[in-house]
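Presented below are the structures under discussion, each in the form of structure tokens.
Two complexes, one shared chain (subunit A), two partners (subunit B, subunit C).
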Partner chain A sequence: MEHYNMNLNLKVWRQKNSNTKGEFKMYRVENISSEMSFLEMFDVLNEKLIADGEEPIAFDHDCREGICGACSMYIDGKPHGPWHANTTCQLHMRAFKDGDTIVVEPWRANAFPVIKDLVVDRTAFDRIIQAGGYISVNTGNAVDGNSLPINKDKADASFAAAMCIGCGACVAACKNSSAMLFLSAKVSHLALLPQGEPERHSRVLNMIDQMDKEGFGSCTNTGACEATCPKEISISNIAKLNQEYLCASLTSEK
Partner chain B sequence: MTWKQMFTSSVGKKLIMGFTGIFLILFLIVHVALNACIWANDGGKMFNAGAHFMGGTVVPRILEIGLFAGFILHIIQGIMLEIQNRKARGNVKYAVNYNNRGSKWYSRSMGLLGTLILLFLIMHIAHFWLPNRSHQGFLLGEEINLYETMKDVFSNVWVVVLYVVGCISLAYHLAHGFQSAFRTIGVHNKRYNKMLTSIGYAFAIIVPLAFALMPVSFYLGWIN
Partner chain C sequence: MLNSKIPAGKLEEKWTDYKGHCKLVNPANKRKLEVIVIGTGLAGASAAATLGELGYKVKAFCFQDSPRRAHSIAAQGGINAAKNYQNDGDSVFRLFYDTVKGGDYRSREANVHRLAEVSANIIDQCVAQGVPFAREYGGLLSNRSFGGVQVQRTFYAAGQTGQQLLIGAYQALERQVALGNVKMYSRHEMLDVVIVDGKARGIIARDLVNGKLERHFGHAVLLCSGGYGNVFYLSTNAMGSNVTAAWKAHKKGAFFGNPCFTQIHPTCIPVSGDHQSKLTLMSESLRNDGRIWVPKKQNDTRKPNEIPAEERDYYLERRYPAFGNLVPRDVASRAAKERCDAGYGVGTSKQAVYLDFASAIERYGRIEANKEGKEDAPIEQIITWGKEVVKEKYGNLFDMYEKITGENPYEVPMRIYPAVHYTMGGLWVDYELMTTVNGLYALGEANFSDHGANRLGASALMQGLADGYFVIPYTIGNFLADEIYNKPISTEHEAFAEAEKNVRERIEKLMNIKGKTSVESFHKKLGKIMWDKCGMARNEQGLKEAIVEIQQLKKEFWNDLRVPGEINEFNPELDKAGRVADFIELGELMCIDALNRSESCGGHFREESQTPEGEAMRNDDAFMYVSAWEYKGESKWDMHKEDLQYEVIKPTQRNYK
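Now for the complex of A and B:
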């Protein structure tokens, strides 16, 4: 692919903190290489803002190699930008043309309040994980891995669900701000394996209970989450979650 | 987990929507099959016999209570979910919407389509169910000639148009609702989901089309 430089207009959401109202501000960045990542373009902009004595734009980032789930920008109407199965840090500027205007917003959901600019508070996900995203293991020596036979298809399905990096793009894309794709990935991941069996029922009930407390919406199976997920988590995990819930709640004796 | 908790969690509420939705889909099959008797072209004899069985015998009339319960549950739960989901979205809206890149417009508009169907339903009940039942004294009294009522109601072009609009809303509501209901109650097998999606689209086309053809047939004089 041919390398080129571009000048861009950015319309970025600026918000001082969670208590103040935010607004869009226009910025211009020049000489942006098509080989840069979207976050590197923001670094260039922030360098310029700092040099000009302005407040740099706050945004979440960590590994910058698409596996940590920290970056979280809603770019031109799509979480993580226009590319399929991609994170913001892995979005490269060759996705844009010279002279483009790019609109960058934070995730929008009541359960994800804006902390500053493009940074939102996603600790609701941590609390959902704490409510049931664990397994019981015996103390002592590690068990021989081959002593526990696992069906290959199930192991693959479990691994596909475990790919979820908890970035929250599903919530950002969902018209109901539902966290069901995230939750269903976590529940499926463990429910498919024998190691997840002891807490199988309490896990799904506790995690859904926590999700409801956090104020996420309900799933209406529109498929927007699946289409935007950087790790291509399948929406069939949500149906699997529903089945887990139905079994667990029907057989509960309390 | 109590029964109340089971059906009031976010997933539990959806279970109610899914189960009542499938129940209402089953009702549509009965309704469309019975109404199709108007095409027997026998001056409404077969249709009125069917209508008499449904409206003038005890068991279908008791089942009718269950049908109303299904409708009311589906409607009230739907409205409550819509309110709750809008609240979850928060006050600040996106400047650029995600739109059709990830989902179908009718999947995102189930609340709107449902409201259109509800408005249609009120008109529909006022046209047929209410006059018939009030004539019966709401018990098992003598019925009105529903075939003649249909002829009369569907002689007005605007009523025919409204019925067709109602059927189009139903078609799109079913296009999403049919397969979504099965996902909601936990069908996650890929083979079954594929089949249910296909059946859902076929159902969403055939059943509302048959319904829409009824007023049209009367208006254009295709029967008799």
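Now for the complex of A and C:
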């Protein structure tokens, strides 16, 4: 792979905290190697800001391997930037060229208030899981792992849904700020397994109820979520969710 | 002075006996007992969820925005368990034996045996929670092999086993949060342990969003705060992983066990430049199918695919025919370093070796061809089939490699090099996982307990979940049973006030240096000293130099650090400053420990102690002990020894040839 260096202009959202209004600021970074990751480019910028006596830009990140779901930048109008099936931390600078201007914003959704700069509060996702995104089995209650064979295709489909990293890009990409892709991934993951069967109905009803309470919008099937999801969670999970919901509503005694 | 509290009796009966005789707390009393859990990785989430289920009042803390993002999420390859589903001769004893041997006879037999015993329950529990492990066509659980063993006992979920296990534990945790049994504090950092009358009674935590300090009471405190590999700056650990919680505990009286035992993982993506912020692991599971080689000629600049088979040196297969590419990590890492140091390294930096899938792709392709009855299919077709199989097994790792390096590993061999990955050292704990401070426990990677001088692959996930799901729920009862008469201590107590004052003053001190150098620069400098002098190979002179250099760095840090922003706001630079300050102190202790242990064992390689073939040479007569360091004030420590007794296994020089 050929390497090259570039100079870039960055237009970044700065916001002191949730109570103040934010604004865009322009920055210039020089000699950025095409081998750097996008966040390493931000490290360079932040080091420069610190040296200049300015406040560095706050952003969430931890694993830098595309698995923890912490990083969350809205880059040139796309959550996680231009690459397909990718997180911000795995985006590398060879996606850009010398002289580019890159616009970076936080996730924007009522249910994800900004904490500072590019950092948002995604605890609404945790509360959706609390509403039913689990199987009620206390430690020590389990039977032998092989006592219940699971059809491989189903297990694989369950795994494909369980790959969701809870990053919230689907919400950020959706014009309605809907959390349906996230929620449907969890519902499918558990509904496809026999272990998830007993709580199947209450789970979907309670989780959807919580999602509405958190102020996420409704789903109008535009598919922006699927197109942006770093883990390629399929929109067919939403169809599955709707089925589950309908079925649960019909049989619910509530 | 050190009492490891190993129960008497036969090795395989100790844990059963312990469980049968330890004290219990009745359900009504559990509700009155409060437990603080620091960390929500596999160890912390499983402990918090299980203690919540049992009825204790639990408060759990993590510094990420959600407990689901703890570093455990990044584990790729798998989790071991002695299920013997493959009928290949596995057993509790064999897992126990492999772990003790893999750890180069520096771990405690009783702990490791317990770990092997509960390993099977972990898999059952995870399956019940809905962890989507890989399965065979018949619907049963699938296994793969990992380094250092000759059976297939590793359970996995593609290359994301840690994520799936953590999501399982996180779901269990969130269920307890919903039930009101656990209160979750995310974006919180523990900055001190509060000790009252010799017992851990709470913590001081900082709310990382608004910077406020908080006091929290607990009848017991569990540290599940992970490992300290980031002392090397570059490691495979998540950026936020740090030693602060363990270090604060250490300074309050918890001994630090074997601090110098660090695992350098053989297969990571090599450093590409000074901008590098972290290193990415390529899972050990790849060594099932990948073959490691370098050119036979020094400074060979040909492209890998231009080098014919007979001019390649498959050095692991050559040196270790019995285990080949699946030797333990420490052995594989040193062998790679040896080849690169000798001038056979590849890539622009020459600090890399090849991990090649070409033969695996062809082999799998032929198996597919056989299945289809098309043995004489053209080679291109066979390769295409083979790539599909490899994609199914390792697709996400290959994608990750390509994103980072821009090279396609299906076509060109991966370039890999060893990197810091895991720390076997940690807070010293007894059989009950209690540190030398009463009521203060350490679980998961934060403790020193089960892996001796080298951890086998897929055993950290096993240990974290064993500690949290199956060990602590029993052993904590043995302590808390005597606490039911003790009412919660008010957080107005002077011990809380004093601890909070110290924390506040230190934060103010960090902010007020107002120097010129960023935290990041200091961290990088520390990392370089540690990697060069306390890394894959260590010697007396280097370690002595390192100690002086670290002390010097500490002075510079406290004189020239610049932390922007303010205390009472979201300020990641300030969080990092506190962590790096602790890393610097830890770095010194690691070098002192490495200097003391003039033998080689496991991941700790002292150049002075090697066999004529360059293998690590232990010195059991002098060093068959755990070094447990007691903090005695700035740059001062006393060492205590816990002698290791091998009653069942007879230590021998490890041999993977």
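In this section, the second predicted complex is superposed on the first by the 250 of 254 C-alpha atoms of A that agree within 3 Å, B and C clash if a C-alpha of one lies under 4 Å from a C-alpha of the other, contacts with A are read in each partner's own complex, and residues count from 1 in each chain.
Note that a contact is a pair of C-beta atoms (placed from the backbone, for glycine too) under 8 Å apart; a residue touches a chain by one contact, two chains touch by 3 or more.
Given the structure is predicted, the values throughout are model-derived calculations rather than measurements.
Counting the residues of subunit A that each partner touches, subunit B and subunit C differ, and the larger count belongs to C. Shared-chain residue A:145: touches subunit C; no touch with subunit B.
In the superposed model, A:111 makes contact with subunit B only, not with subunit C. Annotation: subunit A has no residue touching subunit B in one complex and subunit C in the other.
For subunit B in complex with subunit A, the touching residues are 1-2, 5-6, 9-15, 81, 84-85, 87-90, 92-99, 101-104, 107-108, 110, 176, 179-180, 182-188, 190, 193. Contacts from subunit C toward subunit A in the complex involve residues 46, 49-50, 53, 64-69, 71, 73-74, 83, 85, 121, 123-130, 132-141, 157-158, 160, 162-164, 167, 170-172, 174-175, 177-178, 184, 186, 209, 238-240, 272-273, 275-278, 280-281, 399-400, 403-407, 469-470, 473, 516, 518, 520-521, 562, 564-565, 569-570, 572-573. Against subunit C, in their complex, subunit A makes its touches with residues 1, 16-17, 33, 35-37, 39-40, 43-44, 47, 49-51, 53-56, 58, 60-70, 83, 85-86, 90, 92, 94, 115-116, 119, 121-123, 125-126, 129-131, 133-146, 148-152, 155-156, 158-159, 162-163, 165-166, 189-190, 193, 195-196. Here subunit A touches subunit B in the complex through residues 11, 22, 24, 74, 76-78, 103, 105, 108-111, 173, 175-178, 205, 208-209, 211-212, 215-228, 235-246, 248-250, 252, 254, going by the rule given at the top.
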